[in-house]
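Which chain is which? They are A, B and C, in the order written, and residues in each are numbered from 1.
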Amino acid sequence: MGGLVSTDVAHTVALVDHHCHGVVTAELDRPGLEALISEGGPPSDGETNFDTPIGLAIRRHCAPLLDLPPHAPVDEYLARRAELGTAEVNRRFLSSTNTARYLVDTGHDPAGLTTPEELAAAAGAGAHHVVRLESVAEELAASGVEPAEFARRFAARLADTVAATGAVGVKSVAAYRTGLRLDPARPTAPEVTAAAATWLAAGPGSGWRMAHPDLQRMSMWAAVDLGLPIQFHIGFGDSDIRMAEVDPTLLTDWIRQHRVPVMLLHCWPWHRQASYLACIYPNVHVDVGSVLHYVGPRRAVAVFAESAEVTPFTRLLYSSDAYGVPELYVLGALTFRLALDAMLTDRIAADEWSRPDAERIAAMVAHRNAERVYRLPT
Amino acid sequence: MGGLVSTDVAHTVALVDHHCHGVVTAELDRPGLEALISEGGPPSDGETNFDTPIGLAIRRHCAPLLDLPPHAPVDEYLARRAELGTAEVNRRFLSSTNTARYLVDTGHDPAGLTTPEELAAAAGAGAHHVVRLESVAEELAASGVEPAEFARRFAARLADTVAATGAVGVKSVAAYRTGLRLDPARPTAPEVTAAAATWLAAGPGSGWRMAHPDLQRMSMWAAVDLGLPIQFHIGFGDSDIRMAEVDPTLLTDWIRQHRVPVMLLHCWPWHRQASYLACIYPNVHVDVGSVLHYVGPRRAVAVFAESAEVTPFTRLLYSSDAYGVPELYVLGALTFRLALDAMLTDRIAADEWSRPDAERIAAMVAHRNAERVYRLPT
Amino acid sequence: MGGLVSTDVAHTVALVDHHCHGVVTAELDRPGLEALISEGGPPSDGETNFDTPIGLAIRRHCAPLLDLPPHAPVDEYLARRAELGTAEVNRRFLSSTNTARYLVDTGHDPAGLTTPEELAAAAGAGAHHVVRLESVAEELAASGVEPAEFARRFAARLADTVAATGAVGVKSVAAYRTGLRLDPARPTAPEVTAAAATWLAAGPGSGWRMAHPDLQRMSMWAAVDLGLPIQFHIGFGDSDIRMAEVDPTLLTDWIRQHRVPVMLLHCWPWHRQASYLACIYPNVHVDVGSVLHYVGPRRAVAVFAESAEVTPFTRLLYSSDAYGVPELYVLGALTFRLALDAMLTDRIAADEWSRPDAERIAAMVAHRNAERVYRLPT
């Protein structure tokens, strides 16, 4: 393998990052950076989050972007990062990935993060909004609303937010709030009213955090009515997840009823279950965003290969799921390109795929599928 | 690796395909063929089922059997296929696989498919019947039966069908009908009568589709009484599956009670769970039929290796699970041989297995285990 | 790869085996040995447990320790083993692994097995006790106790046993007794009393086997109060397991409440779920003990790699989980070293990790993490 059969396409093809977040604009000290490079949060006593697959990948692949040698020690990395400053680091890192467009989920703790427009400017790329369903519901709850009006007002506010931002998709974090073992039927008006009444009665004491199954269902059905692609957090995530409850096949009966694109994000360790759904249901799409950079470049090859096992090439996408620090954008793009390249070069070397087919598949997975599903300008 | 250590045994050993279906005898147009090369059915608007791992494998490995170059474009492939005609394509493809015997599940939509005897004639091979439990029950229901007589009449009809066809095994699709989270106890007579009454009362309006847990249990226990190997659909399948309900370890308490051979089919993405059961229970056997051709030759190596992780070599089998189009028989055999060869050559190259052991294992997995378990003539 | 980049560290680093059992001191005949090299117990009619991945690994890697050529036939292996005698075989095998310390679970059928001290003597190593929670409870039940006193007496007896043996950890086999779908809350006194009353009322007829959810919970909480690391059997095991009930993420809500080290053992096929927990919760640690030798050296590389996917290197450990026969200690250490070496050499060859980082990680995983978590003398 290697030079003889390698195609450059995976390393040069433009990417559409169909799910990411903003990047922190403040200066970050070591604890601040460490907390953002692990789904587990700050390191424990006597440990450092750099002693992880992603930590070693940062030292290997991001240090050179700071003019340091690969594998630079953590202290040197942090010192040089501070010296350059967040704005310059963000610019260097974001502009290195050849990402043409970012689809930015603006719903997760956006204070202190770049807006989609600021992210695009730092990266020299395009950006689009993705509206988080729970954020719309929570803003509505905090603004004051009658329970019996909740469903109608939510749908209207969602449509308004989409229109105002030009959003190209919506996002559900039902996985975090209730898990995915949800009744697949549209909730009745009395169900929604009762659930909203319970939540709203708790007032600010609830933290305005929506976590009722009937409200999750209401928000998912409202998204279907809107017709935009719906992203679902699946699998790997932080400590709010109960992993056994976020197997995407728990959504099967819900998915069967719809034609709207369903975008399964992250997915590991349920990525084969996600691949199965994408094989069977034409509206289901899969990525392994965030997982690839957390497992690091070498395991990314294996995880990506598994996620593609029975997934039609028309339903496999790229996302970084990067959040907060620009290292994650660099590694998201890099690990995806390495994993895609490994698949392509293996298939070409084994004469399983022709080179033109391999290049066509690369373009589909890297950007064309996202452009088609989200109806992006090309 | 490669030439120095490779053994030809995986590519030349005769196969017993212990689970497959018949092949369509009519001429197939493009939609007809596309629908049969995906578990998801016809392609969606703007997509083709050839943009999948299996689609590329067909163009690579089946085109040469039509006198075309590898990777021939889909249109050329279809034109040449039509030119040769279904009978000739079936004959060419089926006779290319060095399959000695086919065990044919005659229960899935057999209209328009070859009978086992016709399949054997086209392939130049032997064939045996496998009787689907649900088909026997559904024919009985449609023919008219008293609920209180259902269990007794089912057992008699099953025995008669087995005797009339010389069947060597039976098949349960409980996975499709109710999932595998079934009470492991033998259902009581009142339970069966009540379930049958409910079903039969629905009359033809039920489509005569058996899908009641107590009737599934009754059929599984009747199969045990008969003493033949029982095949179970596990894991990967079409849109009737709820994947979280077809983990084979949900059958653990049922399996523990029996000595009759239990044959776990397909299994992915639960193939490691299947391997575990085969490791622990001497009557449990495993294959990854249909999965190998859907994931394509290169991933077949990985999936097969996982399915064999703790499976005793005496309990690992080959099946194609091919249905409808002869491409699937070609790819079923090819991907199995490639995956088996990858395991053998890796172990020999690493000096983990001696060559005689490797060749003995190849024969067991390719045909001897099936011959022993199903008591086939050798 | 190979010679150019390989580091010897994985093959020479001292091991702390943080979970194993004693070895049989009696002479073993063929049935006796076969029963101990499979989690499925004695072989079935017409089969041998040597026709398995582990069986071939024993012939390959253990035969030379008996002065036989690799791949020696089973009969020759057994004859030579008998000729040397158990004491000499145990000594040869145990002293070959460069294991510095064994942490020995003394709770599983210890009659006829070496004590930790005897194991250490045979191996020329250190040894520590790990106390099985269920054994303490079962001894207490058999000794006579009032239900209302059960919780208090259990805690006292556990503390006494730990003090008397100098135990460095405790072990829960809740996976075998009730599965892990347990109420995460501390059981109330009335719950424990009622559960103990039910069990104790059954008297010796219960076989004194604790298998009540509330008693399992009581024992787990008592262990937390004690503050020692708690080992949990997870995943792969013998026929008492219901695999769908031993996914470690079923413990999520219980784990969240504690800071005491939680040691997830074996884990396959739920090892990615275990890796996720170790990524998120600083007190969770992972190994794939017993699995590596059952899958054999070549698959051990893949399984270990998956278990390390998102596991911080500070939370990944080695154990053999060897039980009964010294072959399992040899293969436990060998497969771990091969799997670790494959990871290190791959990362160095790809220039993903520097050699010093790779060597530091090797030491952490091989012994330093165990030394830190169990507070062992170094």
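What we mean here is this: a residue touches a chain if its C-beta (ideal position, glycine included) is under 8 Å from a C-beta of that chain, and two chains touch if they have at least 3 such contacts.
Not measured: the values here are computed from a predicted model.
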Chain-level touch network, classified as line, ring, star, complete or other: complete
Rotation, 0 to 180 degrees and nearest 5, that superposes chain A on copy chain C via CA atoms: 120
Euclidean distance of C-alpha centroids - chain B vs chain C, Å: 37
Sequence positions of chain A contacting 2 or more other chains: none
Chain B partner contacts - residues on chain C that touch it in the complex: 38-40, 43-44, 46-47, 49, 51-53, 56-57, 60, 70-71, 236, 238-239, 241-244, 268-269, 294-299, 302-303
Residues of chain B touching chain C in the complex: 247, 249-250, 252-253, 256, 272-273, 276, 279-283, 305-306, 308-310, 312-314, 346-347, 350-354, 357, 361, 364, 372
